[in-house]
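What follows is chain A paired twice: with chain B in the first complex and chain C in the second.
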Partner chain A sequence: MEQRGWRLSAEDVRTWVDRLIAEGREVIAPVEGRGPRVFRPLGCAAEACLDPGKTRWSPKEFLFPRTETLYHYRLRADGPELHDPPLAERERVLFGVRPCDAAGLVRLDEVFLDGPVQDPLYARRRELTTVVALACQEAGPECFCTAVGGSPMGTEGVDVLVLPFGADWLVRAVTDKGRALAAESWTRAHAGQWSLAADQVRRVEQRIARAPVAGDVAAVLERRFEDPVWQETARRCVSCSICAYVCPSCSCFDVHHEGDAWGGREIRCWDACTFPLFTRHASGHNPRGGSAARYRQRALHKFAYLLPDAERTTRCVGCGRCIALCPAGIDIHDTVTRTAAGAEGEGADA
Partner chain B sequence: MREPLPERPTASDAGPAAPQPGWQPNVVAMVCRWCTYAGADLAGTSRLTYPAAVRLLRFPCTGRMNPMFVVKAFEQGADGVLVSGCHPGDCHYVQGNLHARRRFATFKALMEFVGVDPRRLHFSWVSASEGTKWVRVVEQVTAAVREAGPARPPAGGPDSAPPADAETARRPASAEELQALAERLRRVAGELLEQQTASIVLGYTRGTLPDRAVPGFITRPEQAQQLVWDSGCHHNLSVYLPRTRGGEGKVAAVVKRCDVATVVGLLQERQLRRDELHLIGVQCDGVWEGDRLAARCRACDGTVPALCDVAVAAEGARAQQVAVEPDPRDAAIAHLETLSPDARREYWQGEFERCIRCYACRAVCPLCYCETCIAEKHRPQWISPAIDATGNTAWNLVRAFHLAGRCTGCDACARACPAEIRLDLLNRKLARVVEDRFDYRPGTDPAQAPPLTEFRDDDAEEFIL
Partner chain C sequence: MPEVGPLRNPYRPGLLRIETLRDETPDVRTLGLCFVDEQEGRRLGGWEPGQFGEYTVFGAGECVFAIANAAPDDDGGEPPRVECTFRAVGKVTTALRGLGAGSVIGFRGPYGNAFPLAEWRGHDLAFLGGGIGMAALRAALCAVLRHRSDYGEVLVLNGARSVADLVYQEEMPAWAGLDGVRVVRAVDPGGETADWDGEVGLIPEVFERLGLAPDGRIVVACGPPVMLHFLFEALGKLGYSPGQVITTLENKMKCGFGQCGRCNVGSFYVCRDGPVVSWERMQALPADF
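Take a look at the complex of A and B:
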């Protein structure tokens, strides 16, 4: 029954989003305004932008904020006093997330939830979050989800999947959490409609022309740890962190404290392995002192390190944002596939 | 025992504009120990009375006062800031106040441009003997701050983004012209490597995305064929120059007119040696992003500057003469300057709010070459690493100010910014302030010193009480 899903008009979708907001949920969706299209909390459904294309950066900041307080501290006469920040309380819907971004959230879960210790702040937010994914209506030249096992209508990390169907939308609950967002009154969709809509998305999928990343890429990259490709590619790298900050699966952070001996707060801020400071020791020694070593670390962390099981071959979800936004034109897919293929040098530079 | 720092106020906590009854302004006065501090002391010993709103911070000299301190004071909730030191000619370090005069003239313009109410930021010269002047200055400053009311976070009120750039009449250079230039460029680069004049050529090569050239490092003559030249050659390659070593030969670089200006800046600041460089200037009819001509190209004719060692330019009559147009960044600045300070503040807070602190602006800037950036200094920490309104505002202001009088307007930062923050407008505004006040245009003469490293005895000081 659920597999049949529903068919909603654009108006139905707006009513749906407005109902979710009216029921007290925070609905976060792509919004266009000044600057690039990014995910923002909605005031009403009309603010959401469900046009083709993806947001400038992934919605990960709503689970893993750019900066968050870990605790407040205060020194009192009888000793230090620590206060935890309040846990999230409001249910959230991430609406209109592309499948690559939804898959990215699963990678974040692996870091913050699947280890021996769960991150309570993240865990609470995650528990309250439902992901409504929107299949892609177009693919950019940087997109390569299909090369890393994804799909423009992938369901990894997705609670509700929405497919464009002409001017309408087909909606299907993937999980129980997703089912809870549906309404009784919705019109059922037919299997035929689903296959038409899926064909449409498959045409988008076919436009993704990038070569698949081989299953054994992890082992190959580790073998080519000293390959000159890292040096050649990273020569252009200017050591900013656009790639890491726009990445749906990058999860590194640094902890700072603000305040003084008497009181203040400990904060967690995004950080990136592409910054020279990331690994610099107090002594001044930096085990990853050059941009090549740092770029290699980033590539290997996406394609070789810390993969949870044999099924999962990459941590990269193929959204391609790091490629589209790199101010030096570095292309991680190109580097990795060429290195794995054993090609000498890199792309046009070779 | 002190109370813990409260969570920073957010827009939703913003108080009403009207002060609470009994409100007293908090004015941070940064004073030099030799003159103003002594002057304030004299006021005290003379039993003069003045408003108790000022908190004095004693510095060795106004020359020691980094404008960053002012940013910090406002960040920590000051309602107003007063910077005060010795009169020109009285500085105990001879020229500290004269350097400070230029610096604060520029900084004040920046703060006003981002919407800090001019009633909140003041400068004065008060000597050790001017106890009565100190009283007058404090009264005047306190009255102005009182009128401006309590400092508060931006309330999310109305703002107004600059309108879209005016249409350009210019068209990209024709494919044949670009092709001819590319072929000459390849020949020049190949010869330089062949003859071992240069051991490396920095140029543009084809990237993996359509219509986007990427920086390329060419070391063998046959590789010169990979060089491309088209209207997508955006990068300012001079960012790579200080870190590229030529070994036996020189480092050659493909440069556009705008890029040469930053090379001049690097030469001025001794980050490059002219005799180790070989500049291949290429005639540029402007770089395009889709159907949009880059703002900096509008007022540029793209000819090869004389500083270049070799010019790659069209031979004979050009198919299209480059028509110079008004710089659209100036129109955007003019628009923002018509807004009220509050609306301007809303606008810039809206811009800075998007900042994700990737530091791409810094990374792609040829003139941001510090080994350790102030943003990464922790003791003391002037710029909060928190990626929020406070840290982002401090970062963006300090970055812009560090480039005042140095930035040549290549817009590499604004182009790289994933959040599309209008860094180009901040930089351009400061460039114009520097040009108006000090008659200086960055990137023109390698022998000149940057304007904020020098002073003139008669620099304007109309803003100083």
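Take a look at the complex of A and C:
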């Protein structure tokens, strides 16, 4: 990792972003328009919003689009003719991503790149994408990255890390890919400046008040598969699935066919385990027919199932969007830590 | 992040032409399918009994069924012929049923694990199929019958709700004619016709009546969840151990290779870690199916 890094003024940052755009890259950053703050491709640096707070949606849609074509087909007299969709060609910078969202991209990599089948559309986009993360200037009441091993200045999935430093910014390349975005002319930062900036972020970190999720949570939750907590929590769930849509690490999708008499396409679009139709068989049988079974699947897929290695204790990155946006006030951190704590109590009783 | 070279589009199907159609029951049909491009067929190579494919009806969507026949033992240069047996239930299977001979559909696969045929050598085998569940067993049965001498006695118990719902009626006499193969046909009480000469009863009770000792016998069962539930109960009573009972799990699937996220039972992806599973392994899975 580049230790010293650089110190950039707000003007330097704008020049940097404008240069990245001028060099032909698509720069995607938080933008505040009439609606909520969201990631959008920038026309120029002035459009970016680097204020405290997070976007409504994570930037995952720029690697894993809400809907995309898997192949096109045309129906000809002698049978269908198939065409692959074009692969992405333009280099991309995800700029101003919060560390929790950057960590979410690593969870997507595990699904789309690390298994026996690599997804070519995702792989190409990932290859062309550089992540510039912005350490958090404040913590929301929903934030709990520190409870799941993250940090407001975490570097998982990050190529360039930016820390606020008064009215200026400190910038450090975490990977070679990130270093390629830096300019020769930038002013070097001092170690003392980094430690001051890091202290500032640590104060933000201390304001994250949520209890850590225990390292053995996976085993505990699997043991408590039949716990009444799933029924109690899901009683409020309206199966709207906003939790999955705003989640930086949710990667489940549906595959559909759209066509007419001449041709059509096979598409992939976001889907969610909290929808009743997600698992319903054509026969009508549904292995997760009730909202309790579905909510349990969501919680266990985040905290128990299919974790890539022993180091990784959760798929959840603690952004808290699912908590902030749930219309029924369901809080996955609270459910999971309470269930795990209940298990300790159970041991003491026995 | 791994280095990314040129990757094949895993969703793009190969094209198969419907060569033969056979109606098994009023709503179950078996298709014989040949590759439109023989090269593509040769590239597919083969598959193992128990694996499944994703079949595309262009304009309607994809559906998932077991590959119902065994791949040729040696490729001999011939592109393989794929067979599938399906019931018209939903939108895609209804559209598939609407296609005639000569129509072109898509196929991708094979996906999933396979029946452990090598482990079955020298053992007596019992194939228990309920309704269209028999389709998932047929490839394994075909492979076993092709190498008849490698295995002990073979029982085929083919059950259905009614006589009209029995699949593979045309093939059963040929299976029964082989040395050491016994075919038992059974229908649910009330499903028999006046001239029915098979068994009447649910598969678990018919199997119990046959009184086959568990010694070394492998039971391979496929059918609706309710049949498996009572079958496992009956097998337990008869002294069968969970390790000698094999079944297949079915769940709604989309991608076929562990990415779309819907077919899991705990950390077990039916598409990738299944569909073939022993009763023993099933007992270790969360009760989520």
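Basically, the second predicted complex is superposed on the first by the 339 of 350 C-alpha atoms of A that agree within 3 Å, B and C clash if a C-alpha of one lies under 4 Å from a C-alpha of the other, contacts with A are read in each partner's own complex, and residues count from 1 in each chain.
We take it that a contact is a pair of C-beta atoms (placed from the backbone, for glycine too) under 8 Å apart; a residue touches a chain by one contact, two chains touch by 3 or more.
It should be emphasised that the depicted structure is a prediction, and the values quoted were computed from it without experimental measurement.
Engineer: Once chain A from each complex is brought into register, does chain C clash with chain B or fit beside it?
Structural biologist: fit
Engineer: After lining up the shared chain so the two structures overlap, which partner does A:V31 touch, if you call chain B first and chain C second: first, second, both or neither?
Structural biologist: Touch partners of A:V31: none, neither chain B nor chain C.
Engineer: Under the stated touch criterion, which partner chain does A:G264 make contact with: chain B (first), chain C (second), both, or neither?
Structural biologist: both
Engineer: How wide is the angle at chain A between chain B and chain C, using CA centres, rounded to the nearest 10°?
Structural biologist: The C-alpha centres give an angle of about 80 degrees at chain A.
Engineer: A:Q118 contacts which: chain B (first), chain C (second), both, neither?
Structural biologist: Touch status of A:Q118: second partner only.
Engineer: Looking at the overlay, what does A:A328 touch: chain B (first), chain C (second), both, or neither?
Structural biologist: Touch status of A:A328: first partner only.
Engineer: Between chain B (first) and chain C (second), which does A:R56 come into contact with in this model arrangement: first, second, both, or neither?
Structural biologist: In the superposition, A:R56 contacts chain B only.
Engineer: On the A-aligned overlay, A:R288 touches which partner chain: chain B = first, chain C = second, or both, or neither?
Structural biologist: In the superposed model, A:R288 contacts chain C only, not chain B.
Engineer: Touching A:H256 in the superposition: chain B (first), chain C (second), both, neither?
Structural biologist: A:H256 sits against chain B and chain C alike.
Engineer: In the superposed arrangement, which partner chain does A:L75 touch: chain B (first), chain C (second), both, or neither?
Structural biologist: Touch partners of A:L75: chain B and chain C.
Engineer: Just to confirm the geometry: in the superposition, how small does the C-alpha gap between chain B and chain C get, in angstrom?
Structural biologist: Checking C-alpha atoms only, chain B sits 7 Å from chain C at its nearest point.
Engineer: Where on chain A do the contacts from chain B and from chain C line up?
Structural biologist: Residues 73, 75, 254, 256, 259, 264 of chain A touch both chain B and chain C.
Engineer: Note which residues of chain B are touching chain A in the complex, please.
Structural biologist: 1-5, 7, 161, 205-210, 212-217, 226, 235, 239-240, 350-351, 354, 356-360, 362-364, 376, 378, 381, 384-388, 391, 412, 415-416, 418-421
Engineer: Would you tell me which residues of chain A are touching chain C in their complex?
Structural biologist: Residues 70-71, 73, 75, 79-80, 82, 84, 109, 111-120, 123-124, 126-127, 222, 225-226, 251-257, 259-261, 264, 266, 268, 271, 273, 278-283, 285, 287-288, 293, 297, 300-301, 304-306 of chain A touch chain C in their complex.
Engineer: Can you tell me which positions in chain C touch chain A when the two form their complex?
Structural biologist: Within the complex, chain C contacts chain A at residues 1-2, 4, 6-13, 15, 17, 36, 56, 58-63, 89-90, 93, 104, 106, 225, 250-252, 254-255, 257-267, 272, 286-289.
Engineer: Tell me, which parts of chain A touch chain B in their complex?
Structural biologist: On the chain A side, the touching residues are 34-36, 38, 56-57, 66-67, 69, 72-77, 83, 141-142, 235-236, 238-242, 244-246, 254, 256, 258-259, 262-265, 267, 269-270, 272, 275, 277, 323-325, 327-331, 333-334, 347-349.
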